[in-house]
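Pasting a structure here, questions to come.
As written, the chain order gives the labels A, B and C, with residue 1 at the start of each chain.
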Amino acid sequence: MAGIAKRYGAVAANVEASLEVGRGEIHAICGENGAGKSTLMKILSGGARPDAGTVVVNGRDVTGWGTAEAIAAGVGMVHQHFQLVPTLTVAENLVLGREPTARGRLVLAPALAEIAALCERTGLVIDPVRRVGDLTVGEAQRVEILKALFRGARTLILDEPTAVLSPPEVTDLWRVLRRLRDDGGTIVLITHKLDEVLAAASRVTVMRAGRTVGRLATAGATPADIARAMVGRDVALAARDAGADALATAPPRLVVRDLAVADAAGRRVVDGVSLTVRPGEIVGIAGVEGNGQTELVEAIAGLARVRGGQVTFDGADVTAWPVARRTAAGLAHIPEDRHARGLVLDWSVADNLVLGQQHRFTRAGRLDVRGIAAHAAAQVAAFDIRPGDTSLPARALSGGNQQKVVVARELGGGRDVRVLLAAQPTRGVDVGAIEAIHARLRAARDAGAAVLLVSADLGELLALSTRVLVMYAGRLVHEVEGRVATPEGLGPHMTGAAA
Amino acid sequence: MSRPPGPRWAEALLPPLVALAIALVVGDLLILTFGQSPRIVWGVLLEGTWGNAYGMGQVLYKATTLTCTGLAVAVALRAGLFNIAAESQLAAGGFGAAMAGLALPAGAPAILAVPFCLGAAMTAGAIVGAVPGGLKAKAGANEVIVTICLNFLVLALLNWAVAEHLHVPDSLHTATIRAGGLPRLADVHAAFRGSAANATVLVAVAAIVATWWGLFRTPGGYALRAVGLSPAAAEYGGVSLGRTWFRALVWSGALAGLGGVNYVLGYKRYYEEGFGFGAGFLGIAVALVGRNHPVGVGIAALLFATLSQGGLAVNALVPKQMMDVLQAVVILAVVASVPEVRRLVAQAVPRRP
Amino acid sequence: MSDLLFQWLRIAAPYLCAAAGGVLSERAGIIALTLEGYLLAGAFGAALGALATDGPWLGVAAGIGAATAVAALHAAATLRFRADQVVTGVALNLLVDGATTFVLRRVYDSSANSPRVEGFGSGGDLGSPVGWLALLALPALWWLLARTRFGLRVRAVGEAPEAATTAGISVARVRWLAVLGSGALAGLGGAFLALDQHKFSTGMTAGRGFIALAAVIFGRWDPLRTAGACLLFAAAETLQIRLQGTAAIPSQFTEMIPYALTIVALATLAGRAAAPAALGKAES
């Protein structure tokens, strides 16, 4: 693949991206979230068409092909979100789309034999008559891999395959992948975990901001080499400002004790997390995404059901409080997903600027429309939200300005913010807005708020945090003073390599 | 991906206008199958509805009920819920009003009796609305199926109560209420003689204003609309989804119940089995064409009432069921064109920087 | 005794056909609110077809054709134009109700009844051979869903349309076929009704489509359980007819049974968990 470009609306997912993978190789593609890894693989597997560039597979120009052609050519994708039908059996899932039939009637017997042979050959053992919905996540992933192989895939693309696996399952997966490689298969592995790159791949392609920025052999490379290529942001590190520690002796404002949160499947995604944040302090949480950060923030905000443990604000146990009561007690929350959580996209900027605070803008049981309009005008000016028309739907704004609306609502308008949860506050936001948002976070800190910052951007974390905690597999595994933290030092903890 | 904003009036008004144009064409074709001239039939329709006081009165009467059921459906839809039980809530409201009117002593002063009966109608409708609301909030039961089932349950129950206990011999209606009746338009102006229009039309106008106010000027309405557009964001904003669903369906039921007053207090002064004539189901169409806006609902109610009354006016030329067909065509055209129009408008307007 | 049995099955026949259509459509992810309209269109088509050709089987074919045409409208609106399934369903029921009466007036100048339809004559204990087909509808559908390629694809698109797409299946195509099949099955039920009653009368389905939908939900979208629910609901109706005049239970209360049971099923966890995951969701 060479010179690949792909835009989604205003977002350039790939610019001048390239990839070269040899036959019989396990090749890793590595990069931060939003670096364009998944888009590049979608193009390779026929799920998307590139705007520019060429794709060549086995010497044939296949630029712009579709899923069916990719499957026919032996390129199979193992999706991060399993593309399986939970109510069907393993065998039914495998044959779906190319069912063996006799006059329209399903004939599964030969397929079952074929599946058994495939399981045998690859070491992916699974009972083909079990319902997929009853399988564990690890087993479901085996089915997902088997599905691609059953369709004759010789080149297998795996998108973040370990995100959902336990350590023994990961070891198992590497074993299977090596076996496939030894059989002459080609594996492309998308990941942002450095230890995996070193454990599984022979070569690695590093991507950043949609571009391919490096290609190196793993033999002889250290995690630090790859991390440097991945992050490559010296600018942010220079702006480091851990803030005054005048308040370091104040009693903690936000205390989380032994917090446990379970997901829908009952797995503990937050497992015994304890932390404290003092007024005037920014505590950063580093970690590879999907290690429980989202659920931790949602639990503190009152949006996720807590399995165990306690959350207190200024000594008051808020664990059972509804969201509105926490907001009234001084909680501000910049949510990770501004489209789903942070904004009602079809609403005007003005209406969005009071979401969660509608009761503050209620006079004698009615909404204070003028107050809302005046508030909106003031916030738009104070936070430089553009365009400045507060009657526009939030949908019409750019990502950066949408995020400014969220930040303005949570931090502006003279609110007494005591606890601030900021999750990925600058994701998908342009550089100018990043500066402004960082300034606001610092201002909230200086005004005495206890700030918990979760970010996949290490540069941002290191620039802002008084202390940095590392979260891995639902637990806090490392703590370090912000002023002495480095990406190289955090990397092994983030990837579980130091555990 | 984010959708660029179109001119909002275009997105709101194009689907109903397109639908009306399609309905006119389909209507022309139907008229032609009966060998009639579309121009003459449409002329008769207009003459029989807006051309004289009686016709106008009938349109107003029908629009009154449709406004209430349309508002009921619209309020639920604003919260992201389908209320298909407006039909039975309408009946329950009428029943409640009749029971209240029968319970009062003859000659009770209107200033007390009328609010009492209105309150009874709204309460009865609200109770029917509380069932799907409660089941949705507590058990996550799909409100579409529950409200469909509820229609049959409630109507069967009311029919039983009237048939077994409350009916006047040899009829399917209750005795005439003793108090709480509302004046007919004919009492005010003789030209309306014979038409069913009555003071409930003022109640409907008040319901439009109150619903607009409630939706757009109260924190509860703000929360309700947030839940309808983005449940995750509403939850984030401290709004309880279950409680909002419950309130929305109770409010919706009360509005539909209010519609029952039109027949019971305003027109016949008794409750009669099947008086709703599908006005509850048509409320879905009214809400849809009115784009879930209270004022739009009022306009759409007048439109559908005109079609319905116009069907009677032209029945000698073409069957009045033509209007049922056209109503269905309007609904289908609106519901099918909303996503399409949204897409086209989005394409036509360049994205803002 | 066998009298009672056949009365029961004749009442059950339209439910069984319509519910088969309901299971097929909903398992593919399309809400089957239109069963009422399909039944009515089927009855109307059958009556007119049989009267026009003097052949009951051609009537049955016409009934199936009419209901399938309505289903095609449903599929076009919801699949091509991505219209809301619930609103489309309500509108189509209204459309069939109005259109059948309109055409009845055009053809027979009556707004209530068609002329007498001879149908299958005496037709045996089940009224007509169509009755036997009705009894087979749900078991056949079970076989279709469990044992054929099309059935597997229906189950896949109703449960995880994206997964089906990545497996190279055209979700829209499978749904189109399922909705058309749903119309055809329900149309067969409507044809039975018209030929059994020897006429078409306006609104003659009287909520049977909704009872069938209730049976689908009460039967947890499983063909055989749904057949059981249809037979149960039909049994309640048969008893009510038999008990008429004895005043044991007012008929209004027996009428409530299917709906009350369905609400109870929905309010308990079991009822919800069984619904096809993609039911009612617009394709993105």
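Descriptive notes on the structure:
Going forward, a residue touches a chain if its C-beta (ideal position, glycine included) is under 8 Å from a C-beta of that chain, and two chains touch if they have at least 3 such contacts.
As the structure is a computational prediction, the values presented were derived from the model and not from experiment.
Taken chain by chain, the contacts link every pair, so each chain touches all the others. Here A-B and B-C are compared, and the pair linked by more C-beta contacts is B-C. The geometric centre of chain A is 46 Å away from that of chain C, both derived from CA atoms. Note on chain placement: the centre of chain A and the centre of chain B lie 46 Å apart, centres being C-alpha means. Averaging C-alpha coordinates per chain places the centre of chain B 28 Å away from that of chain C. Residue positions of chain B touching 2 or more other chains: there are none.
Those residues of chain C lying in contact with chain A across their complex are 147-153, 155-156, 159-160, 162-164, 166-169, 277.
Note for the complex: chain A touches chain C at residues 47, 67-68, 71, 77, 79, 82-88, 92-93, 95-99, 101, 104-106, 147.
Across the complex, chain B meets chain C through its residues 30, 33-34, 82, 84, 135, 139-142, 144-146, 148-150, 152-153, 156-157, 159-160, 163-164, 278, 281-282, 284-285, 288, 319, 321-325, 327-329, 331-332, 335-340. Remark: chain A residues 8-10, 301, 303, 322-327, 333, 335, 337, 339-347, 351, 355-356, 358-359, 361-362, 365-367, 369, 387, 392-393, 395-396, 398 touch chain B in the complex.
On the chain B side of its complex with chain A, the touching residues are 1-5, 213, 216-219, 221-223, 225-226, 229-230, 232-240, 351-353.
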